[in-house]
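First the structure, which I've put down as structure tokens, then a few questions once you've had a look.
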Amino acid sequence: MTEKKFSKNELMVVNAARLLQDGDLVFVGVGIPNLACNLARRTHAPNLTMVYEAGVIGAQPARLPLSIGDPTLVSGASGVCSMFDIFSFYLQRGNVDVGFLGGAQIDRFCNINATVIGEYQHPKVRLPGSGGSMEIAAWANRCYIMTPHNKRRFPEKVEFCTSAGFLSGRAEREKSGVRGKGPQAVVTDLAIMMPDEDGELQVTALHPGVELEEVRQNTGWEIKVAPALERTAEPTAEELRILHEELDPTGIYLS
Amino acid sequence: MTEKKFSKNELMVVNAARLLQDGDLVFVGVGIPNLACNLARRTHAPNLTMVYEAGVIGAQPARLPLSIGDPTLVSGASGVCSMFDIFSFYLQRGNVDVGFLGGAQIDRFCNINATVIGEYQHPKVRLPGSGGSMEIAAWANRCYIMTPHNKRRFPEKVEFCTSAGFLSGRAEREKSGVRGKGPQAVVTDLAIMMPDEDGELQVTALHPGVELEEVRQNTGWEIKVAPALERTAEPTAEELRILHEELDPTGIYLS
Amino acid sequence: MSKVCSLKEAVGEFVKDGDLVYAAGFTHLIPFAVGHEIIRQGRKDLTLARATPDLIYDQMVAAGCAKKVIFSYLGNPGVGSLRMVRAAIESGELEWEEYSHFSMISRLTAGASGLPFMPMNLTAAPDLEKVNPNFKRVVDPFSGKEVMVVPPLHPDVAIVHVQRADMSGNAHIWGILGEQKEAAFAAKKVILTAEELVDEEVIRSDPNRTLIPSLIVDAVCQVPYCAHPSYTQGYYDRDNEFYLKWDEISKTKEGVQSWLQEFVFDVKDHAQYWEKLGEETHKRLKVKPKFSNPINYGEF
Amino acid sequence: MSKVCSLKEAVGEFVKDGDLVYAAGFTHLIPFAVGHEIIRQGRKDLTLARATPDLIYDQMVAAGCAKKVIFSYLGNPGVGSLRMVRAAIESGELEWEEYSHFSMISRLTAGASGLPFMPMNLTAAPDLEKVNPNFKRVVDPFSGKEVMVVPPLHPDVAIVHVQRADMSGNAHIWGILGEQKEAAFAAKKVILTAEELVDEEVIRSDPNRTLIPSLIVDAVCQVPYCAHPSYTQGYYDRDNEFYLKWDEISKTKEGVQSWLQEFVFDVKDHAQYWEKLGEETHKRLKVKPKFSNPINYGEF
């Protein structure tokens, strides 16, 4: 593996942030998705609104939130509602532009397993489970997945489908009638992968200093490569300054 | 018609109040049901809780409320919730002990018409309609009906069943599976009528100075009479004092 | 992002002939000023939905704005009949679609939730279900028993009056909440009127009080006394005298027409309408303040 | 009518072996003190339901109170795995029933509403529906399309922690509301714990803030710092250090047992537990006040 100038999380956060649009309403979790949203708000997307599954709307965290229900999300927020309301009036109604997803396994068609390794009734590894991801993956207009890149995380097919990507292909998801357009990109520490017209992931961009071969070695199937393979721009000094000085000064997520 | 010592509304309010129990949670409308509840609270039922369909819980009106959403119901109340919550979490859930009902027509089996006189699509008289009464009649544990007594109001069968009494008889209501026990009594300015084991109304008590014949003449069918026909106690001086001095000093409902 | 504009602009841009309009507010916060502006702008063929049409729709129907009403209680609250709507229905000039309060609110809740229907338990009352095909039955797969279901209601525009809002449309509402939130989330467009426009910091000082988020708001208009003759909790009282007076005015079409001429067509906006009501009325509807105990959110 | 009693009395009277318990609170207001009292009183065979079992159920499972868990996210929020529950599931010692957040909350909402089911739109995720028979399908009679439905959840007892309540159980809650209201209305019994018991007038000064009505409350217990290591908005901060520390403690059963011995069995109540945490922790979790702008209800 070649020597890297940037940390895995720096690359994931910066590149995920760049995928967010000004004005997006983002259903966000804590950790690196939260960093990506706050970075986007401080750079190209000042009108991005952060919504948390705990029922917080328009959070303006004064410190780095350490849990999905951190009190800093509430003080100074523009609104707070019940969990039922956030899932029904916001997410199910179609008011959420972007959802962030993660999981132990992401497969060739962006399906996610966050539930179990091994047999469901006799799990080898019992994972946390869906939380809100089953609904987010189905009903948010766009979804992004952030995850470190290795074979274990990218099997050809997930052992348990906790939240729907494109199932066996884009046609099957469309047939299902769910309102959301599904995963738009998977941002890893090596590359950005996007679903093609069939919903199958293909490498569309490599991060600085990453070779395609490295991505192939760390993906559990014969990964497709986009005809015009791009290279992501290096994190800028300003992006890194905001991350390290403003958003995560103690290096909780970026150390 | 014999000379009366008490007004129609005095008789209805006082006798309805006496039917309420301490601790009852009452789903109450404005007008004379509101007076009956407040009279009961000031006499034998200090722990009676008043809930209004507008979403007000534990109202302590400082003045006589003149509409179902009067601001005096809110200031000093113990709680306010949405209309959806009051109908689902309180009424449909089974948390309401008593509901008050009224209407243009009440029939032999306590079914109520508050919707239309004549054909529904080409109404002779278009009445206000259900409001909350369709649900109150079905889901409150007990219901009471207050209405002036005359033939027009008491037909043998309602032209439109806005809210369910006992339908064609108690058996049919029970078969329907609705949770509430239905109407318990009809309090008029002449008498109190209660459903028998078949759900058919029978006169159980006459107000002071009222003859049975008068009730018969003012009821649209051959009204049954309870084996032990009683006579209601006269409104007491204290009941009348509370009504006229505390609850309706300007005589809006009791003039 | 500011969505502030005049009520005239908001109605001009967001209320079209033929729209399904839901003017929210159960007795409380009824946006009369918006109804009057819609009348002034001469909108036609509207479908007017409200649990309680109240005087606002009686006036709009009398002014010829409506082809249909959707309601669950058709009365002059605390007074009696809603004469104009009633007469139009009895004479066959006006279409109507009828619900009970809970089934009406359930339609909004389904709409606000993005659901194809909301279930409610059976009520054993047979006739409303017979005359309105929007009541259907579904079998509960767990118990095998039937429930009633109603479809979502998605107004083209919802009109919501609030005590205070910021320029982007985040709104605090207190007192009776009625169906304000459900109507706003169910609708395609939302016109928000507010007694006061406040700094965003006032809203953010109490996020639990925010019932309507800017996300779903299209226009924000500052309209003091917007709800008269209805009321705004803490700001002015309900004008019960007017509700009684309307019962007299609306006994004849002429009475209503001359009232509309004087109080709607001959005034340029709601400020002038309020002025016209006069000192005595202003004094009569004034409210002594009574404040809530503040709460501590903590500096997190 | 006062329902005030000690937490010991409340748990003694309202939590029975074999009960389905729902300790409400999504990250916020988690009633740890009640979990600890249940452990001290040695309850057995409980079914523990929570969207996020969190450390409170990790501790109760480790203490042997549970035969089953019902959940929608089985993690140590912001840290990682919930080791005790996870180990008990992997070893086959603990039964479980699993949902997504929205289907879990929908079960409570159906229970709170007296409905036989709540509908939710399809999610296209096939597997959870396959392993949990409480997900069923119903055809929408309006569109002919399918929706998913879940049955009501009716806990034997719901435990709800709040900022302030009066002696009869009317409670004000602010900050994250989670599923507090739905859990309380869905349950057969409700134990309410409050940071502060306040005069009824404080509650009545802001009725819109009342999330839980006395009507459904069976016991009211004043338990300051009840939610530690979770938090209470405006009263004390979340003890994130402890959430991290628990990840270490719970690496071994012995670690957990000795923690339980020291912080649950060897203390007589939550006051002693809080005292035992020590000055440094108290100082670290202290919160600077930040008050809401009061609102005017008006003297009506």
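Note that the chains take the letters A, B, C and D in the order they are written out, and that residue 1 is the start of every chain.
Convention: a residue touches a chain if its C-beta (ideal position, glycine included) is under 8 Å from a C-beta of that chain, and two chains touch if they have at least 3 such contacts.
Please read all numbers here as calculations on a predicted model, not as lab measurements.
If you take chain A and chain C together, the chains in touch with both are D. Counted by C-beta pairs in contact, the busier of B-C and B-D is B-C. Most remote chain with respect to chain C, judged by CA-atom centres, is A. Mean C-alpha positions place chain A and chain B at a centre distance of 58 Å.
Work out the mean CA point of chain B and of chain C, and you get 28 Å between them. A straight line joining the Cα centres of chain B and chain D is 40 Å long. The geometric centre of chain C is 37 Å away from that of chain D, both derived from CA atoms.
Along chain D, residues 114-115, 120-121, 145, 174-175, 177, 181, 208, 233, 237, 287, 290, 297-300 each make contact with two or more other chains. Multi-chain contact residues, meaning those touching two or more other chains, occur in chain A at positions 56, 70-71, 74-75, 80, 88, 92, 139, 179. Taken chain by chain, the contacts fit none of the simple shapes, being neither an open path, a ring, a star, nor a full set of pairwise contacts.
Across the whole structure, chains are in contact as follows: A-C, A-D, B-C, B-D, C-D.
Within the complex formed with chain A, the residues of chain C that make contact are 1, 112-115, 170, 181, 185, 200, 203-204, 207-208, 210, 213-216, 297-300.
Those residues of chain D lying in contact with chain A across their complex are 26-28, 51-52, 71-75, 77-78, 81-82, 86, 89-90, 92, 98-103, 105-106, 109, 120-128, 131, 145, 174-182, 231, 233, 237-238, 240, 243, 287, 290.
Taken in their complex, chain A has these residues touching chain C: 25, 47, 49, 56-58, 60, 62-63, 70-72, 74-80, 88-90, 92-95, 139, 179. Those residues of chain B whose C-beta lies close enough to touch chain C in the complex are 30-31, 53-56, 66-71, 73-75, 80-84, 87-88, 91-92, 115, 120-135, 137-139, 160-164, 167, 173, 176-179. Those residues of chain D that touch chain C in the shared complex are 114-121, 136-143, 145, 147, 149, 151, 163, 172, 174-175, 177, 202, 205-206, 208-209, 233-235, 237, 287-300.
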